[in-house]
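Next come the structures, one after another.
Each of the next two complexes has subunit A plus one other chain: subunit B in the first, subunit C in the second.
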Partner chain A sequence: MSVTEYDVVIIGAGVAGLTAGALLAERGFKVALVTQGEPTACLSTGCIDVCSRGSSPLSGIHDLPPEHPYHLVSEKIIRDALNYFQAAMTDMGIPYAGGAEENRFILSALGTLKTSCLVPSTMKEAPQDTKDSVHIITFKGLKDFYPGYIISRRRNTKSSVYDAGVYSTMSIASHFEEKEFFEKFIIWLEKLNIDEDKLAFPAVLGLESASEIVDTVSILIGKPVFEIPTIPPSMPGRRLFNGLKGYFHKKGGTLYWAWPVAGIEKTGKVIEAVTTPSEGRPNSINAKAFILSTGSFVGGGLTATRESIIENVFHLPVHISGPRETWFDSDYFSLNHGIGRAGIIADSTLRPAGSSWENIFVCGGILADTEILKNGCGHGLALATAHAAALSCAEYLSR
Partner chain B sequence: MKYEHCIRCTICVENCPVFRVNPEFPGPKQSGPDAQRFRSDRERAEDGWVLLCSQCKRCEMACPCGVEPAQIILNEQQRYGKEHPQTPAHLLFANNYYLSALGSLTAPIANMIASSKMGKKAFRAMGISTYIPFPKFHFRTMRREKKILNRKTRKVAFFYGCFINFYRPDIGRKIVRLLSALNVDVVLPPQWCCGLPALGNGNIALAKHFAQKNASSLSNYIDAGYDIVYTCTSCGLCLMHDYPGILKIPQGKKIAESSYDVHEYIIKLINEGYAKPVFGEVPRKIAYHIPCHLRALEIGYPAAKLMAAIPGLECEILDDACCGLSGSYGFKKENELTAIQMGNRAVSLIKKTKAENIVADCGSCRMQLSGLSGMTALDPAEILCEALDIKDQK
Partner chain C sequence: MIKTDVIIIGGGATGCGIARDLALRGIPHCLVEKGDFAAGATGACHGLLHSGGRYAVTDPVAARECYEENLILRKIGRKCVEQTGGLFVRLPGDSKRFREVFLRGCEEVGIPAEVISSTRALDLVPNLNPEIEEAIKVPDCSIDPFRLCMLNIRSSELRGGIVYTRHKVTEILKSHGRCIGIKAIDQSTGDTREIRGNIIVNATGAWANMIATLAGSEVPMTLVKGSLVITNHRLTNMVINRLRHPSDGDIIVPNEAVCLAGTTALPIDDPDNLITESSEVDTMISEAGKMIPHFNNTRIIRAFSGVRPLLKSKKADSHEISRGFQIINHKNGMYSIVGGKLSTFRLMAEKMVDTIMASFNLKKPCETAEIPLEGQEELSGYPLAKRLSNMKGIVCECELVTRQEVERIIKQTATRNVGDIQHRTRLGMGPCQGGFCTFRALGIMNDMSVISPEQSMKMLRGFLQRRYKGIRPALWGDQLREEQLVEYIYLGILAMEKPE
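So, the complex of A and B:
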């Protein structure tokens, strides 16, 4: 007998899992979310790429190959999913700019323009072409950001270095939330008398209140200000995770940390519980339905062996491109590695196709044929399929 | 301790509250998996900075690869503790049980000393910080409460822990009454410090000594059909994780199998249809600070689940900040600034919620947060008692 009974257990705390969790919890279902650790979303730029293949995400999705999981979801659900996300994040104090109609650019740490769709408000002023002149402020000793890359690619770009007295992304971000530090910094910044059109920072302007900090700097200096995402530790990725996690809690969901699923309990076509290793009594959680949102390889949803690819929780059948020779292209930087198509094929109810389980729903990066790198569709697909899976799951639970 | 599994994603570093504010500490990735590759049992332990880790376990909860940096650091803390002379503060806090027991017997005098100027000076001289009032010793301890016995089926042995015993026995009594109101027989088994403070101060031998005494006592109760219930999340973590783990206590597994967080236990009673509490209204907004060690227990946030059933109560969950005190960690002078900075961040998040009270399961979290914020900090059990109209008895 387990200590806790839930309607749904969600496995994986990424963008898909937290979103599906919030949606189900707000419909009044009892939701638990179990996770081994923090998701790859924390390592991301925090931007929501919906489909980066063209100037419009929706027409880009339209042009995706027929097997792409986006086609399991209606355009209405995609729009709803993006609106829901924006409303949720605004509620959590982390507003996002952009919309389903149009893609936009952010400036990458290498000086390229990267296509995305919904971007944190701290990046909304990023130049959309090569014209704006930009002044980059960086920080002494910050090891993860080199403005030289950007300067070598963009004309009219300059940089200055501020000595924050601390040298890691986390510590600089914390300091920006302290009044004294901030005031001293602004005095220094005003003295620079910046001529350029826009002011850029590596994304270290605070953790909890980044959007206010960016707005304040912009008002005080009288110029548009934007952040440039850095390699991990990535503050915008962490803000995204914290925001979605907070929203999930707010809706009444329960989070179980350090809870890698190691086993399942089942009868017939129904999964009854998931279990995790424990020093003490068996640690299991019962539920009527399960949502699998463990991501692909880096997220921990899939493991590749020499011959095959395994889905780690339910051992669902994994779709692969073919024998191992087809997994990798000879060009490392190619976007056509077959392994990018590995994952779980879902039917229109987001249940795993080719398995007999009635009460498992799948969403996010673990789906097959996503080719996320090639299509630029990571978080957008997670949001859309999370909505579809949550709807399907809610329908199953209220039969 | 799978340090080879580290993919160097830095997620643990982002979660380390000490790293955030103290540049002296290289963070869980470097102190844990990175440095571990260069450590050998045949060489002296030289990384003194491992002592700056407060053992909050946040790194471990966050790591997506199951690396357990805190466990790697804890082991190194023991090795370092064995090979290097201990500071008076470390010795004192490792032995906090004896200190508190003494304080409890001589409560009026001990309080006077602890709060006097001279006492504070003496504390500082020993390397103990005095920025928040040192807890008040209480005269009547739980051990002197008489057993509450009647003939109902569920029986629990309550592991109340040092904090409740020496500083807040009133909360301990409330928990006993709360369980009794749910038709549970509660006994107070003979018990000692769980051992965590000794472990945190690098004194594994003393930790084992305490753990073994507790294990023998609790084990008798388990054999007699009792479940063990704890309230302090750090005691709980030690019973559940360290007894069968690093301390290698023979009865460890048995104890971990039969021990429950008090709120987890109440939910179990409700789920099994044994108890059907009807909560009255508590019209208030609270900020529920999740103690780091509650997260580490891997049981979700059971008190939040119960409080969600209380009409009128608005509960905002805050699980992103460590209070900074970490038991005795923040009481050490060398950690004082770190602890205050961590605590202030937690307080600023709490203040943002505009809640009336702070709620936290852990006594030292409550002490730190109410000390730094001036707000009242309550145990979730106090909120439940309020909702069930269970009054204090003198």
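So, the complex of A and C:
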């Protein structure tokens, strides 16, 4: 068996895993991050929702039920986590607007105002109410964006269609990074003589350099410009992932791609290694500590069977709302689905509660009682708990 | 106002079959349906064209009708019937005595039934439980109920028949105690339409008593809910039945790329409020899993329920109530046709139209058993070969439906209802159950100005609620994972708010 030795192995390359990895790597630990593939962050809006329930993110967190995992993390750590994220992403050329003090809106592709906290700079000019008139540029054949939905709520909205010659989110985005395409597009755009207050695009304005593209369009047209996140595939989600991944590499972490964990090795109360199937014989990575950040069902951290819910890597005990009938409320829109509470309960050191493992730390969407959609707390909770888990893990490693 | 001879209420297989029969006998008619074709029990069944075997023991009259109709439909509906053949499998512990009674029943009715060994059965259907004792081969087939309705309607429209779908009958007009017409409301525009006729045929299945009540009559019925599950792939190429007394979860039918398994039988009161329970889903999966073990770990994409409109009976076990049909003459110009089953729809239509002809004193005989269904070539759905020929602009990745195809249906049918597109293209019928493509289809309808932006939003909400009802009882494994993603998209990324 081929064996490699690390201080920490992180399982899952989402916002939580990459953040915990960068933090530990910059403290000088030898960090490996293993992932099955792209994280659900790539499907997301790229925005960091911290807690959308209250007037401010922090007061919203304060009012969450006592079992919510945010309460495992101090307010200082939450602030530190958001600041760290903003600095890291600025460093990677993907600046974020906003701060822990207040929530702000982005415009959704259905025309609703979606509450978030830290937003990519390409969305910072999104209207904060229904007053601003908006002109939407959309693209011929783009199947995942329909301005009609936005017009249904904002009557002061117009739209124009540009034929980019390509039809998917990804290919339009990569064309925007080409000088010739961009110049031709600007000539077309200038001829529209737009009257509306603001100019909006589905989020296809480049992959690497979206914030510069948005700024350039804004300067050339003389109007505020913003992006509207689309349903997956999502460019802002991919930019978020690329940024965090780049930062993790920059801090010296090692990423093992296409490395699904299939088994574990253990002695007593300590996990010693994780293994993955490979041709001939299994590969194994040894470490002193493990961080589980595999996400919930979509991410692949949890699997539901007809009778129960399983945590896929360490088979940790999973907190569930009750039998299958309780997982989904009869009202689709209620946001009170029992399944939203399923996950791993962690103690104050971010270790799985009720298990005897000393060297497993848990963070992100796999935690129990998050109710991410109801509370609007996806990536924010991932950042905060990743910080707490990384600190706890660092303390354990330094013992 | 429209004047015709016969008004048919109900666009299920029976109503559409009556329209075709009337058309072939030259009788002017108008069919009114509150939803799309096959919206009731016709579309909510297995899609099984019975060999009659299922009823050979309990209901020989229905069994004989089924077998005769099976032969006719295979002949006239080549393109909408798949001649799969069927097996009745006997599992360890299943009564040997029932096998004898079954074989005798088939012989008396005249259904070809061949006993085959378990080895031979496994050769025919490799996914079968290898523990089966033996199997009996019968000529069961699978049939596409929606396409069947469309083809029958085609014959009617070619001969001047008038058809209104998405029109709900709100009033039966009467004069001197006789029914003289109806008023129906166009569900998309809200306009009311008045249609006058000499005879009204109530072919509304589970809704028959509601319509009869509008005319001051009644239809005594027992409504029995039957639930089914759909797998995301085709586990068998033959219909698989359990060789035992009719019971829950005893049949699996292959249909296009999927399999349907069912059913249950629970008495209900309101056909408009059907809920499939998780426990029914569990029963069907574990029963189907006894015949085809893969059922236990195959992705279930949806569960649904239909209502069998059975004739009123005192029998406690609804599996035992006769599947025969009956024509009720309300003696006021209205007839109700109730009971029966999909397999015998043509026969029901024939008898109904015979009655109408007699009342008109006309003699032209029925020809629906001889003349093949017209338009089968064009109306044979949207076959895979066609879908694979154009991979550009796919809007439904699960079923390979293109924007071009969606636009074609919108132009052709002038529909304002996304369900009509789904029925005609299979858009949204795959594993994600329209999670992605319905957002797109409604966006396209709005782009083409057939619906307003406000309507597209409203329909998207309505669709999500209907969709959820179908998948909720079957959420675990990959289907739950996909559902969590779809919920994240609509309620998270798109921040869709709770409807008022």
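FYI, the second predicted complex is superposed on the first by the 396 of 399 C-alpha atoms of A that agree within 3 Å, B and C clash if a C-alpha of one lies under 4 Å from a C-alpha of the other, contacts with A are read in each partner's own complex, and residues count from 1 in each chain.
Convention: a residue touches a chain if its C-beta (ideal position, glycine included) is under 8 Å from a C-beta of that chain, and two chains touch if they have at least 3 such contacts.
Given the structure is predicted, the values throughout are model-derived calculations rather than measurements.
Chemist: After the subunit A overlay, clash or fit between subunit B and subunit C?
Modeler: fit
Chemist: Classify the contacts of A:P232 with the two partner chains as first (subunit B alone), second (subunit C alone), both, or neither.
Modeler: After superposition on chain A, A:P232 lies in contact with both partners, subunit B and subunit C.
Chemist: Classify the contacts of A:S74 with the two partner chains as first (subunit B alone), second (subunit C alone), both, or neither.
Modeler: Touch partners of A:S74: none, neither subunit B nor subunit C.
Chemist: Return first, second, both or neither, reflecting whether A:Y149 touches subunit B, subunit C, both chains, or no partner chain.
Modeler: A:Y149 sits against subunit C, while subunit B stays out of touch.
Chemist: Figure out whether A:L110 sits in contact with subunit B (first) or subunit C (second), or with both, or with neither.
Modeler: second
Chemist: Thinking of the overlay built on chain A, is A:S356 touched by subunit B (first), by subunit C (second), by both, or by neither?
Modeler: The answer is neither, since A:S356 touches no partner chain.
Chemist: From the overlay on chain A, compute the angle at subunit A's CA centre subtended by subunit B and subunit C, rounding to the nearest 10 degrees.
Modeler: Taking the centre of subunit A as apex, the angle works out to 90 degrees.
Chemist: Which partner does A:L43 contact after superposing on A: first (subunit B), second (subunit C), both, neither?
Modeler: A:L43 sits against subunit B and subunit C alike.
Chemist: Which holds for A:S348: it touches subunit B only (first), subunit C only (second), both, or neither?
Modeler: It touches nothing on subunit B or subunit C.
Chemist: In the overlay, answer first, second, both or neither for which of subunit B and subunit C A:S160 touches.
Modeler: It touches nothing on subunit B or subunit C.
Chemist: Touch test for A:S168: subunit B only (first), subunit C only (second), both, or neither?
Modeler: The first partner, subunit B, only.
Chemist: Which value in Å is the smallest Cα separation between subunit B and subunit C when the structures are fitted on chain A?
Modeler: Superposition on chain A places subunit B and subunit C at a least C-alpha distance of 6 Å.
Chemist: By the touch definition above, which subunit A residues appear in both interfaces, subunit B in one complex and subunit C in the other?
Modeler: Residues 43, 167, 232, 300, which sit in both footprints.
Chemist: Report the residues of subunit C in contact with subunit A in the complex, numbered from low to high.
Modeler: By the definition above, subunit C touches subunit A via 278, 282, 285, 393-395, 403, 436, 439-440, 442-444, 446-447, 452-454, 456-457, 460, 464-465, 468, 472, 475-477, 480-481, 484-485, 487-489, 491-499.
Chemist: Where on subunit A does subunit C make contact in their complex?
Modeler: Touching subunit C from subunit A are residues 43-45, 108-110, 112-115, 141, 143-146, 148-149, 151-153, 167, 229, 231-232, 234, 296-298, 300, 303-306, 324-325, 327-328, 330, 332-335, 337, 339, 372-373, 378.
Chemist: Would you pull the subunit B residues touching subunit A in the complex into a rising list?
Modeler: Residues 9-11, 13-15, 19-21, 23, 60-66, 240-241, 244-245, 252-253, 255-260, 264, 267-268, 271-272, 295-296, 298-302, 304-305, 308, 316-317, 319-320, 345, 348-349, 352.
Chemist: Considering the complex alone, what residue numbers of subunit A touch subunit B?
Modeler: Counting only subunit A, the residues touching subunit B are 1, 3-5, 32, 36-40, 42-43, 166-168, 170-171, 174, 177, 208, 232-233, 238, 242, 245, 249-250, 252, 254-260, 276, 278-281, 283, 299-300.
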